[in-house]
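Look at the two complexes coming up: chain A is in both, with chain B in one and chain C in the other.
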Partner chain A sequence: MWFKKASNFFVGLPTFVWLLIFYALPVLIVFLLTFKPVDSAGGIGAGWTLSTLCELGNPNYPLIIWRTFWLGIVATAVCIAVAIPISYCLSRMSSQLRNVFLMLIIVPFWTNFLIRIYAWRVFLHSDGVFKHLLVLIGLADESTVLLYNQWAVLTVMIYTYIPFAVLPIYAVAEKFDFSLLDAAKDLGASSFYGFRKVFFPGIAKGVWTAVMVVLIPAFGAYLIPDLVGGPTSELVGDKIAQRVFNDRNLPHASALSALLMMAVFLPLIGTVWIRKLKSRKANAEVADA
Partner chain B sequence: MRNYTHRSRFPFVMTMLTLVFLYTPLIVVAVASFNASKYGGAWTGFSLKWYERLFQDNAIWDALVNTLVIALIATFFATLLGTLAALALHRSKHKLKGIYSALVYTPLVVPDILQGIGLLLLFEIVLSTFGEWMRRTFGIEMGLGMTTIVIAHITFCLSYVTMVVLGRLQEFDRSVIEAAQDLGASGLYTFFRVTLPIISPGIIAGALFSFTLSIDDFVITFFVKGAGDTTLPIYIQSAMRRGTPAVINALSVIFLLMTFVLVFVTQRLLTDKKGLKK
Partner chain C sequence: MEILRFENITKRYGDNTVLDNVTLSIGAGEVFSLLGPSGCGKTTLLRICGGFERPDSGRVILDGVDITDLPPNRREVRTVFQNYALFPHMSVWENVAFGLKTAGMDAKRIAEAVPRYLDLVQLAGFEDRKPGQLSGGQRQRVAIARALINRPKVLLLDEPLAALDLKLRQRMLIELDALHDDVGITFLFVTHDQQEAMSISDHIAVLRGGHVEQIGTPPELYEAPKTSFVAAFIGDTNFFPGTVRRVEGDYCDLEIEDFPTLRLYNDKKIREGGSVHISIRPEKFMISLDKPGNIKPNTNLLQGKVEDVVYLGAHTRYWVRVNDWRVAVVKQHYGYALDERRITWGDDVWLRFEADNAYMLDRYAEADENLLLLPDTEEEAPTPPDASEAATASTAEGATASTVSGTTP
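Right, the complex of A and B next:
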């Protein structure tokens, strides 16, 4: 038996060490550098300081943090609102039709991210088809710029994250027992009431996963605001890149990254914790019965 | 009076609208790639000139070669490390298992910009600490470049391999392995003749996954690359910064076709039920 344990130890060791060095250590460094001063050459100075953290309260940071936060929330809300009916629709289809539709939703998800953003730059371009159409029906005039504002950023975010939201909700909805909905109807519930009281609780776990997998990358979005946004729609991700590549202030970049990391890990840890509590409660109830 | 057999059309309409939303920009790009005019605002005739220019552009070919070399090396190591982690996690009941799976699974949700900056800081610190010493004692010049890109790609790809392979391991029937061992097969023999063939579709799917992810990555590469390195995404981004060059339309169409094929093959592999529990 000890032999099996030892062999398992060596099977698992290389990846463990790799991730400790190239994943856990970088996370630690980000947090540590937040408390380091910057030196004149753009490197990291000696000693420790709290000044970087204080500077986060400075002029435009709170605005950008706030914008990142609400754009993330709105994008997530829209994606979930769209993904629930899609998952419902998919899970009630015949399996052949369902595979076709699933593939149609997955393909944009796997298409090169830059290509997708590029497609939006072409689509919303001032000389493009969509603009011409808007001018034709009188919703825009020649001088309207569709790109480089936060609506463009929001649209492309939603576009990018819809498949992220559909997949986890669909995975749960597929296992849902739809005869429960028919039963609710037989008992006189309206479609909406049945959805709210029967279907939604059934897929709640998938919805929560979807919220996580959309909200987290949305908070960290960098390419989308960089390429379809403008100076008035900068997000935390842009600021991190600017601090690294433009003015070479690594502690500042670290402080912003540390903030983002907390925004990612705290809800994640919270979710895991709540699920553990719930399953413990459920187990206790089973034991009581 | 409500009709019981009537089902709301709303979900179906929503699905169709979403598909229109998802595909319209892509179709506009595809059409524009055959348009002689630059932005596709007006159709000025069918033309293959953007494809011709694409194939004549040497910078794109260099970027493509870099992208493929990085993707192949990173996929190989990510598949190896990812599969090992899946095997270890599957068998282990050790108390460190929780930490191990957190290490493997949390990178899946950490935004790429955070992985990018974390790795950049790590590399910068290592270079400023050991770079000078390495040059003096071994004459080795260390710097950001292909090596750091490959290390970064291995790191973010391997979690996906573990996820897919572990999924496959958890689905398959353990009694097959027990049967082999009851018949006197050794541990290694069982692994190579029973376990490996059963999980190989998972390993191949995981490898395809990481190959796609590696080719797709811009953000992490951008952080850890050296000054002169270009990959295809890096090339596209710098071209986009200069405007919307129409050759990228043609490149997009080629990418889309490649994606269709890759998704199709991966789906086939993942739905292969050979050797799985019913």
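Right, the complex of A and C next:
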């Protein structure tokens, strides 16, 4: 028994050490740097201060933070909304066809991320194909600028993150028992009602994973707004990069990073906690019965 | 009164004809079974009724209305699926209430109806459980309550007992029967298990290879099978081919190759010289060690040697060699079997059966012999004909212990 426990411990140890050194520790450092002053050489000063936190009250920031949140949330929502029907179709396909479509989703990943964003720059450029097409069908005029605004950022974000949403949802949908949808129909449900009440709860776990997998990088997005966005579509990620590379103000960058992390962590912890309470309550009721 | 009718249903998957011009009429309030081996099309027919498959041709008429083109959610039938298909994220209560919610019933009336149906299937107190926290039998009851709550015109049951173990299956069968008496809804029951079908049904349609082999009440199918398939699929039997000789009123003599001539009731009114296959159920033979006295007219008496014995408690199965034939025989143990001199391997025995207890088949196929419990196989070790005759002659007056020891393998 002790042997089994010991071997379990040793098997898990490397992962644990890895996470501690390369994950928990850096996060802690980032949080601590928030409370450090900056020195004139761009390093970390001695002592502790709350002044960095006060600087977050800078009137520019609320707008940027708000923009980061709503772009991230909208991008996530669109990705999920597109990924669910894709996953549904994928998991009902014949396995040959399914493999082809999975490849089509995954293959773009083999192309460098930067190259794909540059491709979007060409595509959306004022002399690009898409712009001319829009002008041709009368949806835009010559002066329209498609690039360097938040719509361009949103479009490219959605494009980039859709596979991240599809894969976890598909993984769950593939195991879904589709005879349940037959049962729902048999019981008088319309296709949409069955989809909403039976299929969606069945893949909820995958949807949650997809939300996390898309929302976190979307909040921290830096390259996309940097390359296809403009000064009016800066995100927190840009600001962090500017503080690090331009101003050499690490505490300030840390404070912004900490803010983003909290924005993701707090709701996450909150939902986990609520779920735990719920399941404990359900178990208690079953035990009573 | 007819509630459901299948009219000339044909369904093909590519070149494979799953249902071939099937016509069935199901009476209101009865339990109607579709019985057949796997691949006979019974589940496809059920799915056509539920609306999950479309027939290539033919109509489905429910209570006088053609429902062939209606989607599943607009048919007044409900299905109990083979795997039950309970919604795993919903509680028992929510599962049962689902059909009422889709029907747009208000919450107050749902709250009244659900407990009634949970009571009906004896699941009161399980409202908050999830399907994962239930046993197989309980899950099945949830599926039944969920299907019954909309009071469908027909309840479709797709092998509902297949996932349960033997004892539970027998209990659920009795419960289903009682439930049917309670609710009075027509049950269309799909099964491959002839005992299930026999014990619960008012009528059974035996399906095979996409067509209806025979429709009848359970005793009709058992006692008067039209084809060798029905005879062999439902219960066990013996087949004999023969030629009719000497017709006397309702009776005739049947000449069978390498077998004693049998006197039979000529229910097919076959003329002299006509040939026919007959089926004789194993329990129609009376087996005894002593030559039975007091033989009534129109009774056949055969002599043979026991080759195989399977003791099953309530009864014993024997396979008796009569000339070149192996005859399956069942003996019911009326007395205290330990006190009896039991018939065993190698015993010379007498078989008696009355002329009325055989049945002439409309159709016979040799392949159906494979459905019998112990097919009469060709590679049986041949015994020299005079040796077996001599043995029969020497012990013809009755068995003694010495005949047991004299058995040749």
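Please note the rule applied: the second predicted complex is superposed on the first by the 237 of 289 C-alpha atoms of A that agree within 3 Å, B and C clash if a C-alpha of one lies under 4 Å from a C-alpha of the other, contacts with A are read in each partner's own complex, and residues count from 1 in each chain.
Here is the rule we go by: a contact is a pair of C-beta atoms (placed from the backbone, for glycine too) under 8 Å apart; a residue touches a chain by one contact, two chains touch by 3 or more.
Quick caveat, the model's predicted, so the values are computed rather than measured.
Student: Check the residue A:I274 against both partner chains and state whether it touches chain B (first), chain C (second), both, or neither.
Tutor: So A:I274 meets neither chain B nor chain C here.
Student: Per the contact definition in the header, classify A:D177: touching chain B only (first), chain C only (second), both, or neither.
Tutor: second
Student: Which chain, chain B or chain C, ends up touching more residues of chain A in the combined arrangement?
Tutor: When the residues of chain A touched by each partner are counted, B comes out ahead.
Student: For A:F123, using the defined touch cut-off, is the partner it touches chain B, chain C, both, or neither? Pick first, second, both or neither.
Tutor: first
Student: Where does A:S257 make contact in the superposed view: on chain B (first), on chain C (second), on both, or on neither?
Tutor: In the superposed model, A:S257 contacts chain B only, not chain C.
Student: Contacts for A:K185 in the overlay, against chain B (first) and chain C (second): which applies, first, second, both or neither?
Tutor: Both partners, chain B and chain C.
Student: Can A:G237 be said to touch chain B (first), chain C (second), both, or neither?
Tutor: In the superposed model, A:G237 contacts chain B only, not chain C.
Student: Quick check on the output: what are the common chain A residues between the chain B footprint and the chain C footprint?
Tutor: Overlap of chain B and chain C footprints on chain A: residues 185-186, 190.
Student: In the complex, go through chain B and note every residue touching chain A.
Tutor: Per the stated touch rule, the residues are 2, 4, 7-8, 10-12, 14-15, 18-19, 21-26, 28-29, 32, 38-41, 81-82, 84-85, 87-89, 91-92, 94, 100, 103-104, 106-107, 109-115, 117-122, 124-125, 128, 151-152, 154-155, 158, 162, 187, 212, 215-216, 218-219, 222-223, 232-233, 236-237, 240, 244, 248-249, 251-252, 255-256, 259-260, 262-264, 267.
Student: Which of the residues in chain A end up touching chain C in this complex?
Tutor: Result: residues 177, 179-180, 182-190, 193, 197-198, 201-202, 204, 282, 285-286, 289 of chain A touch chain C.
Student: State the interface residues of chain A toward chain B in the complex, per the touch definition above.
Tutor: Within the complex, chain A touches chain B at residues 4-5, 7-8, 11-12, 14-16, 18-27, 29-30, 33, 43-44, 82, 85-86, 88-90, 92, 99, 101, 103-108, 110-123, 125, 127-132, 159, 162, 185-186, 190-191, 212-213, 216-217, 219-223, 227, 237, 240-241, 244, 250, 253-254, 257, 260-261, 264-265, 268.
Student: Looking at the complex, which residues from chain C come into contact with chain A?
Tutor: For this pair, the touching residues of chain C are 50-52, 71-74, 77-79, 81, 83, 85-90, 98-99, 102-103, 125-130, 133, 146-147, 150.
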